[in-house]
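Next up: some structures, all given as structure tokens.
In the two complexes that follow, chain A is the common piece, with chain B as its partner first and chain C second.
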Partner chain A sequence: MQVLQLTVNGIINGSSYALLAVGFGLILQVTGRFHIAYTITYALAGYTASRLTTDYGASFWVALIVGMLVATVVGVLIEAYIYWPLGPRAGNFALLAIFTAALGLLTVGQGALGLILINSGTAQISGFNIAPEQIGQVFFINLDVYTVIISWALIVIVALVLGRTRLGRMVRAVRSNLTMSVAVGASPRMIYLVIFGIGSALGGVGGVLTSTKAAVASDSGQGAILYALTIAFLAGTFASVIRIAFVGLGLGILESLANLWVSPVWDPVIIYGLLLVYAALKPFDVVSKFRRPTLRSASASASEMAS
Partner chain B sequence: MTTSDHDPRLPASRPISRRNFLSAAGFGGMALAASPLLAACSTSKPGSAKTIGSATASAASATELKKILDYIGPYDPKFSGAGTTWKLGATLPFSGNGSFFGKLWQSGIDLAVAHIKEIGGPTIQIVSSDNGSGDAQKSHNAVQQMVAAKVPGIIGTEALGGVWAPLAQYKILCLDSGAGAPIGIQGIPYYYGARSAYYSDQWVGTLEYMKQTMSDKKSIVTIDNVSTIFDPKPALRALIPNYGFQYKSSVTATTGATDYSSVIAALHQAKPDVIWASISQFDIGYFMKQYLTSGLKAPVFAFQWTRAARAIAGNGYTNQYFSTEYLDVDKPSNPWQDLYIQEYKSKNGLTPEAYTADFYMCVFMWWQLMRDVLAKGGNINRGPDLLAALQARPTFNTVFGGDATTPGLLTMDLKTHSPSALPQAVFQDTGNSLKQLATYDVGGGNFKMG
Partner chain C sequence: MTLLTFSWIDTILVYIMFAVSLNLLIGYTGVFAVAPAAFGAIGGYSAAYLFVNHGTDLVIGMLVGIVISAMVAFLMGVPAFRLPTVWVILLTLGIQQVITGIFASINQFGAGYGLQVGKITFFGATINTSTTLFPVLLIFAVIITLLCWRLGESPYGRVLRGIRDNEQAVRALGRPVFRYKVAVLVSTSVMASVAGSMMTVLNGVAQPTLFSFSASVAMISMVIIGGRGSLAGTLLAAILITLLTPFLEHVVSLRSSIASLWQEIIYGALLVVIIYLRPRGIIPEGLIPRRRIPLGAYAAAESVTARLESAAARPRTTAIPRPERVDLDVVPEREVVLRADNLYKSFGGVHAVNGLSFELQKGAITALVGPNGAGKTTVFNLLTGAIPVDSGTVWLDGEDVTGLKPDVLARRGLVRSFQDVKLFGDLSVYENVMLGVQHHPGENGVGLFFRPGQSRSFERQARERALEWLSFVGMASEANRTAGALGYGQQKLVAVARVLASEARVLLLDEPASGIDHSWVDVTLDLISEIRSTGRTICVVEHNLHVVGQLADHVYFMELGRVTAEGGLAELTSDPRLAEAYFGID
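Let's turn to the complex of A and B:
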């Protein structure tokens, strides 16, 4: 029976990981940016939802949508006014400069949120009546059901948008070969902004849902973003949205089932251990993820878009 | 391609100049630098000296505050330290997962500093430093800052992050109000616990309460964090059967965790009659919140109650049990406690809690040591003189316990360096208040129901 309970726990947590990993992975895949300030948009969405529900009496669902929108806008602004202008100025050091800027944003954001929460330590999201659910001897809460449904619904929507629309083809072209994508009419800057918007929106939804289950704190999402990064690596930075999502789900289930043998305190060791093993066994693959795509693959994407 | 369409992943079309690189790197650097500064704004500027007492006005009248003198024990006013500015250190968690508590504890210290000055004591200057919530490197740096600041004593927390050697080396006396001096770090030179030892001092009193009120319950499962100081499980496993209970198993939770689904799954498997949760700060709040809707009904005993964790747990705290120092804000047990509660509310707009009062009390302990050193003609800026004063008179009046005429007592065990007497209580969170169920002294002595 414990196996079943842990599997359900793994599906719930894995769905959250999948949502974040898709959001973070998209940004990483398309723009090549280690946007670890993703944590800030995650926490900001939760904080917005908290203020709306506790101070303004907004319904949980309104707060969820507004939180998502705030995360989206902030994510887009970060790309538009910080990362994008920094790239050309930093030249060969663009990757490092943008990563450093993201790190700076993260620490500034956490410091600022810490100041805001100085008298309470955390903020709560109200308006959702968390209730226990039970099927046989398996326990969960109603919020878990919503988390799983919303996460997978958003993942499928993003997968469809990227796989079936002109926007998706442009995204793939930009991801494959930015120079050639411009030649066929794509605007990399616009694509980057769209991707930051989509990625941040997914993170925002994850932030609100997870913070409702726990609370909003200045370091909210810090662990989650590292999991998302790990999942994005394990899936491969050119993996499809669905593949990233299933790797996230799988990791969640694996992490949970590991508790059959080891204490929960080992969970991070297992997750990052997997990353380490992956990196050690497939060093050339890991390195190649961050190489520029080959001319052949870029041409294929550009041709696809042009058609 | 326009400039704005330049691919940041590709090499720049023009060679990078030193100026460009520096401006890009500088942006990140500035951002990184700004964060600690922001964090510092939220605290008392760790690492920098700050005079707190002179900046704080008291809400109570001087006459009312002077009532405190009736409770701290008789002393010769000429050794009160009035007119003296005395520098003490405080290593508090201003960063890391306990950073919120650093600010909270500082408020207890601030209030004591203000009270002591107003009732005729010295101006106590607190040199605060960040211990990174027990991070060894930051704790080491914090202690080094204390050495550089030449303070004779430190109000310590987080068991000082394991950095004890410099205390004896530089002869700096430390009174730890955060975690006390639990088993595993007792008897360390110059290091004393100024509150109950984190968890172990509550074991016997809590088990005695359970024995008297929960005879229908048998099995106990404990929830612990990994402790770098000592593993409580062997001692608890041996102790619990003495009170008629069975130690069933233990679940180890990650410190700072917000998701307890794995822990709760383990509890479902174990089906205990009682849960013994030795986790603290926000962690206990997150656990209780998720426990509420877990389908489990076993009562939970925890060993720290803070408002912040209660806010997270919400109704998850209702009807659960706590066992530690206790402050009854509705029915103070002694007039000093009453005054402390009113003053804390007035200054901070918050109802105080016992954990903060530990730090308030600690500053008064320091003042007693100062007076004793002065009375013996010693030097208040020498750690050995302060230590000698502690060894000569290891009993302190406290805001905890006591009655209408007598405050409670903290007696330091000079062998373990942990209190051998300090009032504790088992209490229940009723949803809108705390209800005292039993009182006892650290280690379980003087146990009384009610």
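Let's turn to the complex of A and C:
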């Protein structure tokens, strides 16, 4: 029974990780930005939602949507006014320059949120009646059900948009070959903005859902976002949205089941330990030895070789 | 006056230890590791745990911290440096979370409250005030700064700066880049561990917040804002950023908790502004110029300008006088220096090299020609071990060298140049060429610190050799200029001098005449001919058939990853099928 309970816990946590990992992974895959300031969009969405529900009496659902929109706008502005202009200036060092800028933004954002929280007191989302649920001997809360449903609904929508629409084809074109994508009518700048919008929106939703359970803090989401980064890398930098999501789900379940043997205190050690093992094996390309060669893997190999 | 209390001076000294050591990693080597505070935590908690539980002296705690930090850094660096840059960032982020997470969660380490150390002994003497701690911190800060200065501003540091600018080129010149990176990561982590021990003593407690990710970001900010690779800049930034908090507390009169948040906001914003407006920092590397070398007699050596004038004055119809060609048909038993047997390389479903075999004969110039996409540059990558072969064998002097890394092959005498030059743009011209000189004792820690006389003496010889080769290519007068400031044609010549300085017996030259005008092409042709006359074996990948015709003793024609014809250029170009394959015409 304990295994079942832990598995359900893992599915709930894993769904959140999957949502954030898809958001971060999309940004990383398409734009190549190591957007660690993603944490800020996450925390800001939670904070906005908390203010809306406590100060203005907005409903949870309105706060969820507004929080998501705020995250989207902030993400898009960061890309438009900081990352995009920085890329050409930094040339070959664009990755590190943009990561440095992201670190700066993260620090500014966390400091500013810390100041706000010192002045305004605790920020927590109200307006959602958290109630316990039980199926057999498995316990959870109603918010968990919403978290799982909303996360997977958004993941499926993003997967469909990227897989079945013209926008999705443009995104894949930009991701595969930026220069050639222009020749087929894509606008990399617009695609980057769209991707930052989508990725930040997903992070915003994650931020609001989490802040409904626990108060917003200046470093809210730092741990979850670092998990998301880990998942995005474990899934592979050319992975599909669904694959990233399932790696996130799997990691959530693994993390939870590990609590059969070790205290939750060791969760980060397990997750990052897994990452270290994966990283140690990656140069030997163990996984791809079991895959059939495809044109996409050829393109991936060539990119990795180039990097 | 309250701004500069001993307590704040002590804090500055601790941050200087963190920042100057991190500068070695981020600034000099270009490795963006983001966990200095985590290694500080190892040192800090080791000292605190041993003192609290066993009453041991700070020195013992520091030593234990050093050993653990070195092991953790090694275990992290070995996989991380085999992967692209983003993985290094990710893995160090992970290490930061794991290490601080462990200390924050385990009761034996005081969990969230940390371990109180109070009075601690250092070599038997009690340290309990910021005044008594000051001389200890000053000594450590000076030692760490001098160590970093010695490492950074030495032949060792030249290799590190080369790695930062272009690690592929450094590897191709025979330096084990991977080992350098791991060594610098371990050294930096050890110094951070020492700084962490001091941080614990200074604060009287080992606490997770002292070594959080935010603390790491503050240390990174000191390096970036100060100027990557700039020791003076890092020192200045460490002082300014640390003093922000007391300034905000005592001058702006903010509460301590609010002042530290404003400090974060200010240096975070500075980080963004600096990377945007002044990416090389407030005191950029090179603002305080490194030593210029005296050119002596080389200042009067024939410059490339004279060569260019001579090439321009030469009528285009006049054949360039060259050393005698090697007629391979007349001397068929000539020694084979390098042989490739049945090489295969695929990228996914694309067969870039598909059963290629060829050989290079001693003292001859061999050319690889073929249409775009034939796999010529991939062949160079395979021969030099830059990418692994799927199957097949490479023989160098009769020895199987398949699978050896580029640096190993370079040390065995097989060196390549690159189509896109890959000079180290931030280094001077002579430093670029000195990186070609092999077996410098000052390029490893043992030689640098324990055989300084030998290192200095070799440095003088290496400088002389660099000037000789620069003189050979007509670039001696530019020796002190920054390589990035040269024109493309000049850069190509410096790249040739750099390859020559390696004294390699086999040179693989990738499109030496591409992207330069006719006069420069003639200068390059002259040079390569002269190099052949020194007895070296040369292989050229070149699109310019005029160059191939002038130089090559033997030509291999490649199509779709394999050799489809060989012989003299005239013979090959007279074959209508090959002409069509190359030029796309009947």
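Some points to look at:
Criterion: the second predicted complex is superposed on the first by the 279 of 307 C-alpha atoms of A that agree within 3 Å, B and C clash if a C-alpha of one lies under 4 Å from a C-alpha of the other, contacts with A are read in each partner's own complex, and residues count from 1 in each chain.
Criterion: a residue touches a chain if its C-beta (ideal position, glycine included) is under 8 Å from a C-beta of that chain, and two chains touch if they have at least 3 such contacts.
This structure is a prediction, so every number in the text was calculated from the model and none was measured.
Within the superposed three-chain model, A:L86 lies in touch with chain B and with chain C [touch as defined at top].
Judged by the touch definition given at the top, the superposed model places A:A201 against neither chain B nor chain C. Once the two complexes are laid over each other on the shared chain, residue contacts for A:A245 go to neither chain B nor chain C. Contacts of A:G114 after superposition: both chain B and chain C are touched.
Once chain A of one complex is fitted onto chain A of the other, the partner contacts of A:L95 extend to both chain B and chain C.
Legend: residue contacts after superposition of the two complexes on their common chain; A:L229 is shown touching chain C, with no touch to chain B.
By the document's definition of touching, of the two partners only chain C reaches A:F34; chain B does not. When the two structures are aligned on the shared chain, A:L276 is found in touch with chain C, with no touch to chain B. Overlap of the chain B and chain C contact sets on chain A: residues 82, 86, 89-90, 93, 95-97, 99-101, 103-105, 107-108, 110-112, 114-115, 118, 218-219, 263, 265, 268.
On the chain C side of its complex with chain A, the touching residues are 30, 32, 34, 75-76, 78-80, 82-87, 89-91, 93-95, 97-98, 101-102, 105-106, 213-214, 217, 220-221, 224, 257-258, 261-265, 267-272, 275-276, 279, 346-350, 387. Residues of chain A touching chain C in their complex: 28, 34, 36, 82, 85-86, 89-90, 93, 95-97, 99-101, 103-112, 114-115, 118, 218-219, 222-223, 226, 229-230, 233, 263, 265-266, 268-269, 271-273, 275-276, 279-280, 282-283, 293-302, 304-305, 307. Listing the residues of chain B that touch chain A in their complex gives 1, 3-12, 14-16, 20-21, 23-25, 27-32, 34-39, 41-42, 97, 99-101, 103, 225-226, 251-254, 257-259, 261-266, 268-269, 282, 285-286, 289-290, 293-295, 308, 311-312, 314, 350. The part of chain A that touches chain B in the complex is made up of residues 1-2, 5-6, 9, 12-13, 31-33, 82-84, 86-101, 103-105, 107-108, 110-112, 114-115, 117-122, 124, 130-132, 134, 137, 139, 141, 178-179, 182, 187-189, 210, 213-215, 217-219, 256, 259, 263-265, 267-268, 292.
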